[in-house]
Each structure stands twice: as structure tokens, then as C-alpha cells.
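Two complexes follow with subunit A in common, the first pairing it with subunit B and the second with subunit C.
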Partner chain A sequence: MKNQLISIFKKESFTFFEGLQAWIILGVYILLSMFITFFVGGFFSINNMGLFSFFYFQPYIMAFLIPAITMRLWAEERKTGTLEFLLTQPVSVTSVVVGKFMSAWFMCLCMLLLSTPLWIYLNVCFEADNLNILCGYIACILLSGSFCALGCLISSFCSAPAISYLWSLIVLFFICADDFSNIIKLFHFPLNIEIKLSNSLNLSSQYNDLISGQVSFDNFLYFIFLMIICLVLNNISVEYKKN
Partner chain B sequence: MDKKKYSKLLLMAALIAMAVVIFIALMFSSTLLWNNKKADLTSSQRYGLSQSTKKIIKDIKQPINVSIYMSKDLDSNYPELGLHAQNLLRMLEKMQVLSNGKISINLKNPEPYSPTEYEAKGADIRAFPDAQNTHNMYFGAVFSSGEGQRYVIPYFSVQRQNYLEYDVDRILAKLNKTDKKNVGVISFGGNITDWQIFKKIEQDYRVMFLNNEIPFIPQNINTLIVYNPQFVSNNFTFALDQYIMRGGNLILFIDPYAEVVAEKYPYIKKNKNMLLPLLKNWGISMDEQKIVADEQLSRTEYQTALSREVNPTYINLSSKNMNIPTFIGEGWPLISFRSAGNLKVEPQEKTLPQAIFFTSPQGKLIDANVVKYLNIDDMNNALPKAAQQYNMSYWICGTFKSFFEESIWNDINLKKELPPFLSSSIKPAQILIVADSDFIADDVWNLSGYQKEAVVYDQIPSNNNADFILSAIDFMNGNKELSEIRVKYLINQDKNIAEQIYEQTFQQHEEEYKEKEQEVLQLRKDLADFQEKLKSKDVGMSLLKIQELDDFNRKQQKIVEDIKALNYKIQQKSGQALNKIIFMNILFIPFIIILMTYILVKIYIYRKKQKNIRIINE
Partner chain C sequence: MIVVKNLCKDYGEKHAVNNVNFCISRGEIVSLLGPNGAGKTTLMRLLTGYIEPTSGEVKIFDKNIQTSRLECLAKIGYVPESGFLYNDMSVADFLHYTAQLRNLSQEDYIQNFQKVVESLELKSVINQKIETLSKGFKRRTGIAAALLHNPEILILDEPTEGLDPNQKFSLRNYIKNYGREKIVIISTHIMEEVEAMADRVILLNHGKLVKDTSPEKLKELFPEHNIETAFYKITSETD
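Up next is the complex of A and B:
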């Protein structure tokens, strides 16, 4: 299982970096996030040494770029007809699902690595709030993991990469922007339950907690649960196709 | 769609729905379990409860109920308030856990025209319009104790978010205590009854404004504030002396130049501080003719090329210039002085004086008349070269000998009414002396300005002057836990990156800039002297003199142009530094990394292919 997972991960990552797609995504990511950090987030003008202007917009940037990474994972395999071939190989569905997910997540880690010079610069020239920045990076890693898992799941339902990209984009933006309060309000819970429920389901609230340095166990669990549930559903969907 | 496919699709949908339900259940329970146990991973520990808060909560004896009136759609109308509400709820939940159930939180939603809205209005919670101005919204709280005491925060202002823990802490501590002590205020600088600091003190103490001709200080005054004692009568000196002999607590604001009073009464040319002999008896002295200046700690404002106005007598102190062992002076982020005096204290036999606020070693003394009547340029010009550290505030605790040999009251009937004369202290007295009476003036510490209806929770402090005075009153009255509460800055108060870069660039040219400034000042001085000479009868106006005057103006203009050019150069340089950071982080470094990784990956792929070809060939 472990070897199978590693070989799938290697194969997927290799395919990614072999073509131009990964390099373009990396370039677009760094251009977009740094542009937003400096010109929209007010990196120079806000009094924050915790890279807040960089981390604050990451959910939207990732919601835009991660579908481009995950769209080809299953949808392209289906489109080119290699999915059947892959599923007939002596590898378990779980290792294929996890391997593909990990390769997408690895790509996101590479994306985040490109932003570390800014962290180093902040430390060299000013007094950076390193603990807060570390929290921000952990939040970004978890966020990208959850988005990758969601993207993989959506890709497994779609037959063409373009459709997968569009659906992932819609779902991820909805999760980023909506706090589910309108849906929760329909149930007429008491105010304290409503606030707790809204906080517990709201991705922005969980993510903002982490990047502002107010960390609790439930913030981590949110992203981990999201990843696990999406991967389990992804596994079921591929098993279903295999059968 | 055939039936089999349809049923499988249905199964998938059911699975997804089940996953969503499981996710909601897991998240809700984990939030209930862990959401109030947040770790504060910021370098300044912005979000954790401070030690003084923990102490106050552990000391709570009776149940406290916190009713929060918070409109449901607060965050969608005002996102900043929503975030503030989140911080408040989290903080209160932490406090609730720490109090072992003694604090109960009751969250109420005052829907428009509902009974809860009328309840909120009745509880003095302030209404404000929603973003569309269609209905009222509320965000306030009522804190009540089992004994019926009640404190209201009518509105949690975002501008006061740094004071959130401070305000709640003070209320919780007050609910735990039943007695309210008296603070007497005697002013010699006009009517100060509507000053915001007294609203702040009034929250926790009974403030009594006393006449400055009072023959004795009433026994029930636990702390006495004496503001700007000028033209003090012998009666009052005697009353103050005897108050100290009886172990009184005194906060004294004396000043070589009270700007607020000078603005109010410009016709009073010379003040006379007749309290100084009494202070000397306690070992305290202040030169009325000298004002403390500190170029290092003075406020600097960069405006236009020539308006880098540095008033060396307006001093901002950070924690570096506060005496840490004196706990009332410890931990204040910012204390401001305006033309303060220099205090000297000679320790007496039974007193323990401690300096609280002092200048940097670059402190200087400047003539009070220069500060009163001349402009900032002249003030800077008049600064002496000799520098040393000067003290602007002292804390003295101990017993003293009376300034008077016998009672000044000869009238037997009055003598009977007054407490007996004491020639020495019967109890140790506590004296806080601040050599700046502007210290507590509204425009020195409160940005919100004067509003008749404003409550203490509307104040937007620009520094911690008022907090410090309240903390001192707390300490003098034995409320140690209250005196230890400090303001916690949720928003970083330091300079932003652009300002820091500007400062770094400015430092490279500081010498040059100062030289030019000195040149301008010297030239202005020369010009003034020259004009004075021209005015005198001995020197007449001639063509040569007119040419000389022209030369002065030309030189001045040239230096002004030079300064403008230098300022422009500094701005350009700092702008370039910002652009460099943007270029390096957006384009240069990431693309170098991408390119290098791309080349490495390509080499790896090429070598792998070559290896495969070699194996196939073999």
C-alpha cells in the first residue's frame, strides 16, 4: 500500500512538472498573491508584522488556482480513457486516490514555498511576528489540502477537465465567501447556538482564527475533517466507477 | 435514465448528504469542546487573558450575570463590529470557564420592535442604525451581580477595542466590591468638572469637587487630586499639610507652564506657585523657570519640506522611560507630557521616593519663558548642549513633619470644629506628584473630544495618562488588583513598514538635514538681529543695507530650496526601496527559483531518459 501510494504520488508529480502547466500555475500564483499582498492587502500601510495582508486573501487565490491543479487528476484520465487502465492495475483504489491528492497538495506546498522570501525579508529588515506567520503558513497548508481534496472529489464526478474546473471554482468560492448564516437562520436556533454553528461551519472564520494567531484544536479539525470526508467520498466514487 | 443508474445516483447523493451531516455534527461538537480553549500564538500575547484578569476572576465571590444585547445581523452590516463581537464572546467564554460557573453569559438578540429591544432600551443599551438605515441595531452589555449592583457598557466601540479586556476587568472587579471610596478634586486652574478623566474616575469612585479655599480636607476624602496650585492661600497650604499628616493620599499636578490654563486665562502673565515651600518641607523641589525638553522623545511630524516640527517639550514616553519597580508606573505603552517641569526629591528620614517617569539621558532644561512666548524654531535654537536625565514624576510614601509650628486658626469656635493640629504624621501618606498639569487635560489624552452625552466607554484614549492616574488612585485605595490592569493592544501600535522604510532612509540623510535646518535657524536669527539693528536709531537704511537684506533673503531661499530637494530625494529613495521590495518579491526571487527548479527538473528528466535508453540498448 505504502509503495503503491509513493509510486502513484511520484508518477502524478512527475507528470505535473514534466509539462508546462505546473510552472505556469506557480508563476501565476506568485504574481497574483504578491500583487494582492502589496497593492490590495496594503502590506506597507497596515500595522501588522504577521504577513496578514498575504494570508488574508489566500483562500480566494487558492480557490482560483487549485481547481486548475485538480481538474486533470480524474477528469482527464476519464476523458483520455486511461482511468480504466489505471484501475485495472494491481493498485488499490485508496492508494490511487490518496496518491493523486498528495501530488496536488505537494504542488500547493511548492506554491507556498515561493512566498517564503517575503518572510525572510521581513525578518532581516524588521521585527517579524514569526509565531503568527508560522500559524498563517500552517493555515494555508491545511486550507490548500482541503481545497485539493474537494477539487479531487469534484474532478472524480466530471468527465471533462474544463467542467471540473468550473464546478470546483464555484464550490470553492461559495465555501470561501458564504458563512452559511442564511441557511442556519432558516432553522431559528437560539442566538448563541446560531453563532456557534455559524463559526463552526464557516471556513473564513476557522481560517481567520488561525492566521490571526487565535488557535484552538477545532480549527485544525475543521480542515482535517474536510479532507478526510472528501477523500472518503472520492474513494467511494472511484470504487463505484471501478465496479 | 435507467432504474439501476438512477438508484446508484441516489445512493451517491445520500452518501454526500450523510457526509455533510457528519461533518456538521463533528464540527459543532468540536467547536463546543475546544473553541473557548484557544491558544494565543502571537508574539505579544494579544488574545490571551492577562494575569491580572485571571486574578480578578478567581477572586469573584458572588455570581455575575452578563447580558449581551447583540443584533443578529451585526457582522453582515458592520464586519468590523462582527469581528469585535467575536473577540468579546471568546474573551467572556474564557472568563466563564475560569470562573467555574460564577459568570453566566446571556446572549440576547434585540429584534426591531420585539420585547428584547424594549428591554435593551430600558437597560440603557445604545441604538445605532443598520448599514441601510432601516432599523436599529444594538451591541452592548449589562453586567449585574447577585447583590443588585449593575454596570452597563452601552456600546462596544471598535475604536475602543484595545480597552475590551480592561473595561470588562474593571467592571468584574467592581461587582466584586461593594464600597465606593471618595476622591476629592481641588482645582486652581479654573473649572475642570467636565473633564473626561473625572467621568472615568467617577465610574469607580465618588468624585467630589472641593473649593480651593477650604480650611480643612474632609476626613472622608480617601484620595485628593490637586490641580495646578497657583496663588494658593495659606489656609489651603495648612489644610493640605494636615491632610498629609493624617496619612492622606495626594495626587498633585504642578507645572512651570500650564498650557491649558494659559489658553483659558491668557491675561495672567505670571503664575506663582505658593505650594513650593510646603513641597520643599516634604523634600520635593521644582524650578518654576525651567521646562524639560528631550529631542529623542519628542513628537516628530513630517509634513512639508520645512515643517518637520519637533517640539522638544512635548514628550512621549514608552515603557523604557518608566520605572519598572514602581508597579503603578509599569507596563504603560505610552505616556505623554506637555512642557513638564523637572522634579528633584531629597529623601527624608522616613520617606521612600521613587522616580516614575523620566527623560532619556539626552534630556535638557529650557527656559520657561522661551516655551511660553517664542516659536518652535526658537525653542530648538535655545536648547542647551548639556544633557542629562530629568524626572517628571515621583511617588513618595512615608511620614513627614508639619510645615507649620502651630495651627493657623486662632478662632476658638472654628478650632473646635477642625481636627486637632498635628506636628508630625500619625500615619504614612502616599503622594504622587506629576510636574505637568496638562497631563490630564482632555486634548492631551482623549481623541473623542468633549460630548455632553458621552460615557466613559466612548472615550478614545491616545495615550495612557488617564489610565495611569486611575491606576494610581486604585493603588492608593488598596485596590491592588484593579491597579494592575493594563490596556492590551489588539492592534499593533508600532509604525507600519512604509513608515519604517521612510525612517531608515531619513536616517541616512539625517545629518545633512539637521545641518540645513541649523543653517536656516542661524540665518533667521542673523536676519532678526540685522532687522533689530536697522530699527535702532544709530544705523540708517542705505543701499548697502538693502543689498545685505536681499542677500539674507536669497540665502534663506536657497537653503529652503535645498531642504525641499533633500526631502524630495528622501521620499524618492524610500519610494524606490518600496518598489525594490515589490520587484524582488513579485518577479525576481520567485522567478529565479522557478527557473532554477525548472532547469533542474529538466536535467533530471533528461538523465532519466538517457538512463532508460542505455538500459534498453544494453
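Up next is the complex of A and C:
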């Protein structure tokens, strides 16, 4: 299973980088990130030794770019008919799901790697808050993993990459912007439980805790749990859709 | 050995495969015949575990494909009808990827790779991207991938579609030789193919098995003594 998972990961990653898609995404990511960090986030106008202006906008940048990475992973396999080939090989659906997810996550790690010169620059020219920056990067890694898992899940429902992109974009932006309080209110919980639930389900607050250095075990658990749920659902949806 | 017992697959109200029963032993080349929509492709997908039956079971060498899917798939080589190749890969990369998915050892891979590339005459296009290949070469690439692990069971959906007469001839001979020791199941519309290759014909119509016999016996069923007439008459009778 391990070898097959690695083969799928390698194949998917190779497909990304062989075409123009990966390079365009990497280029757009770095340009967009730098533009927002310096011009929207006001890099020089706030105390930025923890790269706050960079990390603060990452959920929105990733919500825009990660669907472009995940859109083809399942939708294209279904569209071209290669899914039948893949699922009639002696490979477990879990290996395929995890292999594809890991290739998308790897692509996100490459994106984040491109931003590390900013960290180096901050260390060379100023006195960087390295611990905070490290927390920020860990937050970005976890966030991108969760978004990739969600993107893969949505791609597995769709039979056209463009539709998968659109749905992923909507869902990811919704998750970034909404605190689910309106949905929680529907269940008429007592007020204290409502507030607690709203805080724990809110992706932005979990992410902001991490980038501001207020790291807790809950934050890690939240992102890891989100990834696992999405991957399990992805597995179920692949099994269900082929029937 | 393949044992199919009371196999049914429904899509809503439609019975795509309806209570099908048969056994196939080693050394048999079986042709699945039937008009469009008869359930041939669905049956092949059920045999490969790609889809789950509504009821009934498929046993591959005594193992249920639903409960021992990976074990069964390791024994099967399957070529779907179309569109199952990664167009952005070269033929060599595709075969290598297939070997990795099948967990073939490097030694087995090299040995089998040379064998299938030679026998399916893929040497001239081995480094070419699949998207640039002709239909015939694409077909042969798919068959090469299915044969790479020397499967006990080879399942081919319309294997000679898109091949020129020479390629058809050599592929038929190859399949015939292969079927001497293994199980081969071919879905086809071409009657001459049935006569040239198959030891047995399974005729499907509206998802039901309507005839399970040898091509010779099928011909003898009607005074015209040809498979096409037999096919036409049996499928019309059961419509």
C-alpha cells in the first residue's frame, strides 16, 4: 500500500509540474502574497516582525488558489475515464485518496517555500520574531492541508474541473468568512454552548490563534480533524460515485 | 476460475444485469455478445469489482470480489472500452506507472515489459506521448498495461476496435495463445472475431443471459449456419 501511495503521489506531482499549471499557480501565489503583504497588509507601517501582514491574508489567497490545484484531481479522472483504469488496479481507494491529497498538499508546501526569502530578509535586515513566524508557517501548512482535503472532496463530487474549482472557491471562501453562528443558532443550543461551538468551529479564529502565537492543542486538533473527515468523506464519495 | 452467481445490477428501475449465472474455467476464451445496452460493459465492471452488484456474487478463484477486491484484482488484467489512458504520459511511463500500481518487482517489470512491448509491437512509439498515438496504438498500449503482470484473467472490452487488419490478425493470435492457459473474456460486436477466437459465447440481451454455448453450436441453431443470423434471431426473440 505504501509503495502504491508513493507512486500515485509521484505521478500526480509530476503531472502538476510537467504542465504549465503548477508554475502559473506558484507565480500567481508569490505575486499575490507579496502584493497583499506589502500594499494591503502594510508591511512597513505596522510592527511586522512576526510577518503578521503576510500570514493574516493567507486563508483568502489559499481559498483562491488551492481549488486550482485540487480541481483536476478527481474531476478530470472521471471526465477522461481514467478513474476506471485506476480503480481496477489492485490499489485501495484509500491509497488513491491519500496519494492525491498528498500531492496537492506538497504543491502548497512548494508555494509556502517560495515565501521563505521574506523570512530570511526579515532576519537579515531587522530583528525577526522567529517563533511567531514559525507558528505562522505551521498554521499555513495546516490550513493548506485542510483546504486541499476539502478541495479533493469537492473534486470527487464533480465531473468537470471547472465546476469543481467554482464549488471549492465558494466553499473555501464561505469557511474563511463565516463563523457558522447562523447555522448553530438553528439548533437552539443554550447561549454559552452556542458561543463555544461557534468559536471552535470557526476556521478563522483557529487560524488567527496560531498565527498570533497563542498555540493550543485544540488548534492542531481542529485542522487535523478537518483533514481526516474530508479524506474519509472523499473515500466514501469515490466508492459511492462509481456505482 | 470465475463463478458468477445470481448476479444483478440495477440502475433505478433498469435491470442492467439481471440474474446472470455462469462459470468460466482456465483455458477458456469467452466472448460476451449482445446488442448495445445488453449489459456487457456492466457485467465486465462487475467482474472487475469496479461497481458493486445489487445482489448476487462474483468469485474469482474462490474469492469474492467484493470482500477480497485487491486479491482478486491482482489476478485480473482489464482493458475498458475507451478513454482509460493518461494522455499526458508516454507509453513507457504509463506502463511503468501500471507496474508500480501493481507492485511488480523491478525484475518482473523489465522481463514482462520487454515481452509485451515486443508482442504488441509498441517499440516504435515507446517514448511517445499517448495523446499523439493513433487509435490502434492507444488500444495496444491499454492491452500491454493489462498484460504487464501476466494476469490469470484477461478481460477486454472491444479489443480490436481501431486496429488495422494486420494488427487485428496478430492480436487475435496473441489472445488465442494467451487463452490456452488463462481465462480470457472479450466483449465484441464483431462476429468474425467470435469465430476466430472464442471457445464459448455468452449472449446477453436486456441484462439477461440468453445463450451460453460454443460458437459452433450457436451457428447450428439456425439453418443459415452463421453467427450473425443466430445473434439476430436470438436477440429478436428475447426482445
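The rule is short, and it goes like this: the second predicted complex is superposed on the first by the 233 of 243 C-alpha atoms of A that agree within 3 Å, B and C clash if a C-alpha of one lies under 4 Å from a C-alpha of the other, contacts with A are read in each partner's own complex, and residues count from 1 in each chain.
Simple rule for what comes next: a contact is a pair of C-beta atoms (placed from the backbone, for glycine too) under 8 Å apart; a residue touches a chain by one contact, two chains touch by 3 or more.
Source: prediction; values computed, not measured.
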First (subunit B), second (subunit C), both or neither touched by A:191: first
Subunit A: partner with more touched residues, subunit B or subunit C: B
Partner chain in contact with A:80 - subunit B first, subunit C second, else both or neither: second
Partner chain in contact with A:213 - subunit B first, subunit C second, else both or neither: first
Subunit B versus subunit C as contact partner of A:123, first or second or both or neither: neither
Which superposed partner A:19 touches (first subunit B, second subunit C, both, neither): second
Partner chain(s) touched by A:91 [first = subunit B, second = subunit C, both, neither]: second
Touched partner set for A:159, first subunit B, second subunit C, both or neither: neither
Subunit A residues contacted in one complex by subunit B, in the other by subunit C: 18
Subunit C contact footprint on subunit A (complex, rising order): 3-4, 7-8, 11, 15, 18-19, 80-82, 84-92, 242-243
Subunit B - residues contacting subunit A, complex: 8, 12, 15-16, 19, 22-24, 26-28, 30-44, 46-47, 70, 72, 75-76, 86, 89-90, 105, 107-109, 491-498, 500-501, 578, 581-582, 584-587, 589-591, 593-594, 598, 601, 605
Contact footprint of subunit A on subunit C as seen in their complex: 45, 48-52, 69-71, 73-74, 76, 78, 80, 82-88, 97-98, 100-103, 145
Complex interface listing, subunit A residues touching subunit B: 17-18, 23, 26-27, 30-31, 34-35, 38, 43-50, 113-115, 117-118, 121, 126, 129-132, 134-135, 179, 181, 185, 190-192, 194-197, 199-201, 205, 209, 212-218, 221-222, 225-226, 229, 232-233, 236-237, 240
